[in-house]
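You will see two complexes here that share subunit A, one where it goes with subunit B and one where it goes with subunit C.
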Partner chain A sequence: MIFLSSGFLLLVGALLIIYYVLPKRFRYLTLLAGSVVFYALAGKRYLPFLGVTIVSVYATARLLGRSQDRQKQYVTEHKKDLSKEALAAYKKGEGKKRTAMFLACLLINLGLLGALKYTGFLLSALRAPWEVHWVLPLGISFYTFQSIGYLIDVKRGKYPPERNFLKYALFASFFPQMIQGPISRCDMLSKTLYEGADFDLDRIGRGLVRIAWGAAKKLIVADRLIRFALPVFGSGYTGSLVLLQMVLYAMRLYADFTGGIDMALGVGELFGVILPENFDRPYLSKSIEEYWTRWHMTMGSWFRDYVFYPLNVSKPFLKWTKALRTRFGNGFLSRLPLYTATLVTWLATGVWHGAGWNYALWGLTNGVVIILSLTLKPLYERFHRRFPGLKATRGYGAFEIVRTFLLMCLIRLWDIYPTPWHVWSAFSSLFVNFRSGVLGSILPELSVGTGDWIVVLAMTALMLFVSLKKGEGSFRTKYLNTSVRLWTAAALLLILTLLLGAYGPGYTASDFIYGQF
Partner chain B sequence: MTFQQLLILLRDLHPDIDFTAEEGLIDRKILTSFDVVSIVAELSETYDVELRAVDIVPENFNSAWALFALIERIENE
Partner chain C sequence: MKKRRNWFAPLSVLVLTGLLVWSLGRLVRPKYASGLTLEGSMVENWYAHAGEGHQVLFIGDCEVYESFSPAALYAEYGATSYIRGSAQQLMWQSYYLLREALQKETPRAVVLSICSLRYSEPQNEAYNRMTLDGMRFGRNKIEAVRASLLEGESELSYYVPLLRYHDRLFELTPEDAQYLFAGPELTYNGYLMRTETVPYTWLPQAPVLKDAAFGEKPVEYLDRIAALCEEKGIALILVKSPCLLPAWYDQWDRWLTDYAEVHGIEYINAIPLMEEMGIDLGADTYDGGVHLNVFGAEKYTLWLGAHLSERGLLTDQRQDPVIAARYGDLVLRYEQEKQRRTEK
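Showing the complex of A and B:
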């Protein structure tokens, strides 16, 4: 597991020294060199694929930028001597050229991603007589989408393309985000990525606290829970065990993914680089819609900004909406375009996660549940008009949180069980074969001791405590606001992880779950 | 389109929000992505104001005033 390997720690240590020794204007080059070494350590054979993405996106963005500049200059020079129609025709022509360049680059990058990630699955789905096992470069889904987001922003004229190739290469390959994101936006990340940070011991302390907190989540909870969360097979599913499985998987996924992101953000902070936050207390969400604005936020906002919104504001969709509203008024049918865009976005999100029917069905299930909750909104509103004040009570708030948590656990059955049939059996067992008594006899037989349970529950309680205390801000800013507190917290977390983490003989630190996407 | 007409459109979505004062409609998660899409569709259908995907950023939707400024900009283009 690359973040917790001795090689990674040595690399970060060496980079820190070189970074702060070099003059400020060269510091970003240290990060680029570190990113190349990191990626080569993960697998030298991955480098050419990353190289293709970097070169193709950089070159296309530059060409798009030049075309935009040329257009601006032409329009300024000919504003007086050309008619409005002639200028519009010129702009249209230039726009078409830019679209062609953009699509060609998109084809190269999505083609590469699609070929490497999905060919094996497609051949097997089509029952082809041959198999392929192609290399899947580390983080390809993350860096490809980050690069495409950059290209779309440049094409839209949101910001000009980066002229310095080495700086762009660093944006596309910055090593902490290569394993499982977050998916950054160039205009935000470049503010801190290129400038070269001043040496600040307290900021390094904050980074170390974040890394130690992430490592604690990963090693104390996630890796320990692997032994708890084995699929339950046999003559049929038992509802109570499926429920336990669902909840334990939710805890493991949270500790694993947020732990990894904490480490990535912490490593960035050591170098003064601010990576975007990816989580905002997702398990305290009161609806699935809210949940998806708090979980894997950078992926959610990517699909929202580059798929969902463009689809909805496209001329065909607006025309379709208008036609349906004219014919059917403001009811369910007039929302068909919105629902279609929702399903397309969620199908794409599911497929982005991996090659398999389960991923596609997971995405579609999310879409369907969101559509259902939208459709039922008038009913909720009627209910709350009848019981005014109920929504503001703590009890109802807690009910909404538990309901959303369980709903997300149910949707993740697609993650836990291997086939639709297994998912259906597990799901139906919750209602027709719950048998809570089985828990008492099964739990002692699991290869998990009382100590493991206590450690996991205590750490989960600590994670919940931190989530509740931090509110909408940062726990470190609020409570670790002196050097003494900061370094004490870093030391305590390190000791806690060393004492209670699942590593050493009998354990192997597992890969991050999201690393496979 | 007038500011009053925009307020009516927004109040249809969230009657409980004071849109003349609120300045964190997106940042404070008051407007969801579905609300944003509904606003875009309504603006296009009723007022012939066509927003592009690039216009849909938090700065343009965080307050009724920012959204109104965007609409005026598009109408004047």
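Showing the complex of A and C:
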């Protein structure tokens, strides 16, 4: 069951009516019931896996919370009659207990994720004589990471654990974010998830615009681009075709992923639930570091907060940094721990995306490029000191955007081609076998008509226009600021999608690309 | 007062969107106005004549809409009739089309082609579409669609044609604009005229029938048709037209003879009656014996007309000025077209 099925639309419609009919204090239960129905419709056999995660994380978080409360109370009560050392020893003992509980829960959930997602790959990598084809529950990577994030926050004492089991279950399973995120934080999401929103027609209109915009991106661009499969000649690649493939894939991935997220956020908005933004015009980034703060932002910040920072400021890493600084000063070698933490984080990010060497290599490539970019920073700065006005010019800004876009396209070769050999062949063809003339003879032979090109390019231009016009804010807030504009936009987008979308017979029903992660 | 204003924009936009989606659906829907496939607009054409009080209603697949000529029936007997037929119209589709028709009028006789009893399940989307797209939205259409859906087909797309035909946007022709709100009227009260002659010479031998029993589903709908006609006091006549392909087996013939006897209805197998009707498959077929051409259809119609007349099911209405005007035009149009085509 995906966002674009009639079943999903019916479910949302029914929930919307029930949600606003029920008294406010019960409204979150509608969302929980809807989430269970959604997940059950996606596959009843997935439910036990989600159940294990919800129960284990809820129970562990409660135990952690109780331990923290007990510790606070003990410290307050015995502050005067116990020595500092005794209090520290008590705290350490409690801390160890909490860490043990935390690690046990982590083991259950990461073990489940790892076993279901990676066993098949590992067996094949180890050339084991048997194969496994285990079920991979819908959105398991997303809900596992969201739940682990919550558990870490509770352990760190960032906020107390949720006492109400049903409310926690809703946080972990809220249906719009189950397919491809965003990965929410409990303290942010709970503000709007549990309270029960007032009926606000304009907010519902805004939600519908966002859903329709997402559907338009997905159906008009992403799914139509599936048709643009380019041929591969013999055992080699032609650079011009690889370049075209890279650009088309970038367009498709953007339209597909942001479209799905727009729909998820729009559905949330119908119920007054504010899900975190996941994109901020990433293709307008001027560097890869900036790109990763604007693309799949909730995943990036998750890995930053729960993998990179803890690793980089862990005692062994701090010791290592100190030792290297003492020996080598502030040069490249002293930053080895930082680079290691970066590579580990990116390796984990790659592996999170899927079980396969290409995902791991994709992650590592990102890490290496970011490290290179950090290392070369002094050179850039020296260059810009020599040409001080250059950075402020529009031309240079455009150059940086195109450079970053192409760099990300190159890294995504890991995503497009199946093996390192294919990736290398495709990459090298860009420099040694470009043959731009081939395009002229190949393009007319593709199974796409002029109409397909016009539709894809026009919609891409519209996406670019919206990105440029919206600036830092929201296009809807800036330009669709009256009821009439809002509802007209929703209607036009709906009609545009119905008319120009690539769906129905003749098309492969394509699930969201990020749904597979 | 404020609340009413809040609702105004969404409701107005909703209505306009609905209208636009409906109009665009009409625009992109195939019109079947020219080319090889003309059968797709016939079901819709009936609505313009619904409630005219036809004496005879023909229901079924190509074995009615290419075998009976209402114009010839009127010219000879002064009796009004209409054909609710479409390509490979399945038994359950015939039931729902009949039920819809009987909500508007009560004919004296319903002539049902039983050729599609052979199909236990829907066969392909194209035929489904040609029958169901033209039906007006309502209970009959919903039930007909649900009974006919193939695996993977979207039910919603039968009610919102834009969902199915949106990809025709880049293939639109002037015909799509011309027939935006009313499909082309290519038939003569449901009769699709074919004037060519391709004589019957040879047909492949019919494969051995493995299972002589008809499927449960078509028989269930045949029962429902019989019950519906009985309830309304309409004479139901089951017919097998004089068409040689696909094969009509003796076992099926016997089954229908028994069925008709049990239910007190009439079953006519026209294949052995061809000589009596004067049908010569050397001249009266346009595709080597698979379907009748206009000359064969007229002979078959007149034979059936005589039979219905004998049973007292036809009345001469040529004295009725409204009917005379309406059917006078029909016969004139029919004869002119026949002449034009045969003179070619």
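The rule is simple: the second predicted complex is superposed on the first by the 509 of 517 C-alpha atoms of A that agree within 3 Å, B and C clash if a C-alpha of one lies under 4 Å from a C-alpha of the other, contacts with A are read in each partner's own complex, and residues count from 1 in each chain.
Everything that follows uses one rule, which is that a residue touches a chain if its C-beta (ideal position, glycine included) is under 8 Å from a C-beta of that chain, and two chains touch if they have at least 3 such contacts.
All of these numbers come straight from a predicted model, not from anything done at the bench.
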Check your understanding: With subunit A superposed, do subunit B and subunit C clash or fit?
Key -> fit
Review point. Touching A:Leu499 in the superposition: subunit B (first), subunit C (second), both, neither?
Key: second
Review point. For A:Gly13, is the partner it touches subunit B (first), subunit C (second), both, or none of the two (neither)?
Key: neither
Practice item. Report for A:Ala491: first if it touches subunit B alone, second if subunit C alone, otherwise both or neither. Key: second
Practice item. Please work out whether A:Gly93 is in contact with subunit B alone, subunit C alone, both, or neither, and reply first, second, both or neither. Key: neither
Check your understanding: How wide is the angle at the Cα centre of subunit A, looking out to the Cα centres of subunit B and subunit C, in steps of 10 degrees?
Key -> 160
Exercise for review: Considering only touches as defined above, state whether A:Arg156 meets subunit B (first), subunit C (second), both or neither.
Suggested key: first
Review point. Between subunit B (first) and subunit C (second), which does A:Glu290 come into contact with in this model arrangement: first, second, both, or neither?
Key: first
Exercise for review: Could you look at A:Leu374 and tell me whether it touches subunit B, subunit C, both or neither (first, second, both, neither)?
Suggested key: first
Review point. After lining up the shared chain so the two structures overlap, which partner does A:Gly331 touch, if you call subunit B first and subunit C second: first, second, both or neither?
Key: neither
Review point. Touching A:Gly43 in the superposition: subunit B (first), subunit C (second), both, neither?
Key: neither
Exercise for review: Minimum C-alpha distance between subunit B and subunit C after superposition, to be given in whole Å.
Suggested key: 36
Practice item. Could you please specify the touching residues of subunit C with respect to subunit A in the complex? Key: 6-10, 12-14, 16-17, 20-21, 24, 125, 154, 156-157, 162-164, 166-167, 169-170
**Study point:** subunit A residues within the subunit C interface of the complex
**Key:** 6, 201-202, 205, 449-451, 483-484, 486-488, 490-491, 494-495, 498-501, 503-506
Exercise for review: Would you mind writing out the residues of subunit A in touch with subunit B in their complex?
Suggested key: 156-158, 289-290, 293, 304-305, 308-310, 312-313, 318, 321-322, 325, 338, 341, 374
Check your understanding: Can you list the subunit B residues touching subunit A in their complex?
Key -> 29, 32-34, 36-38, 40-41, 44-45, 50-54, 56
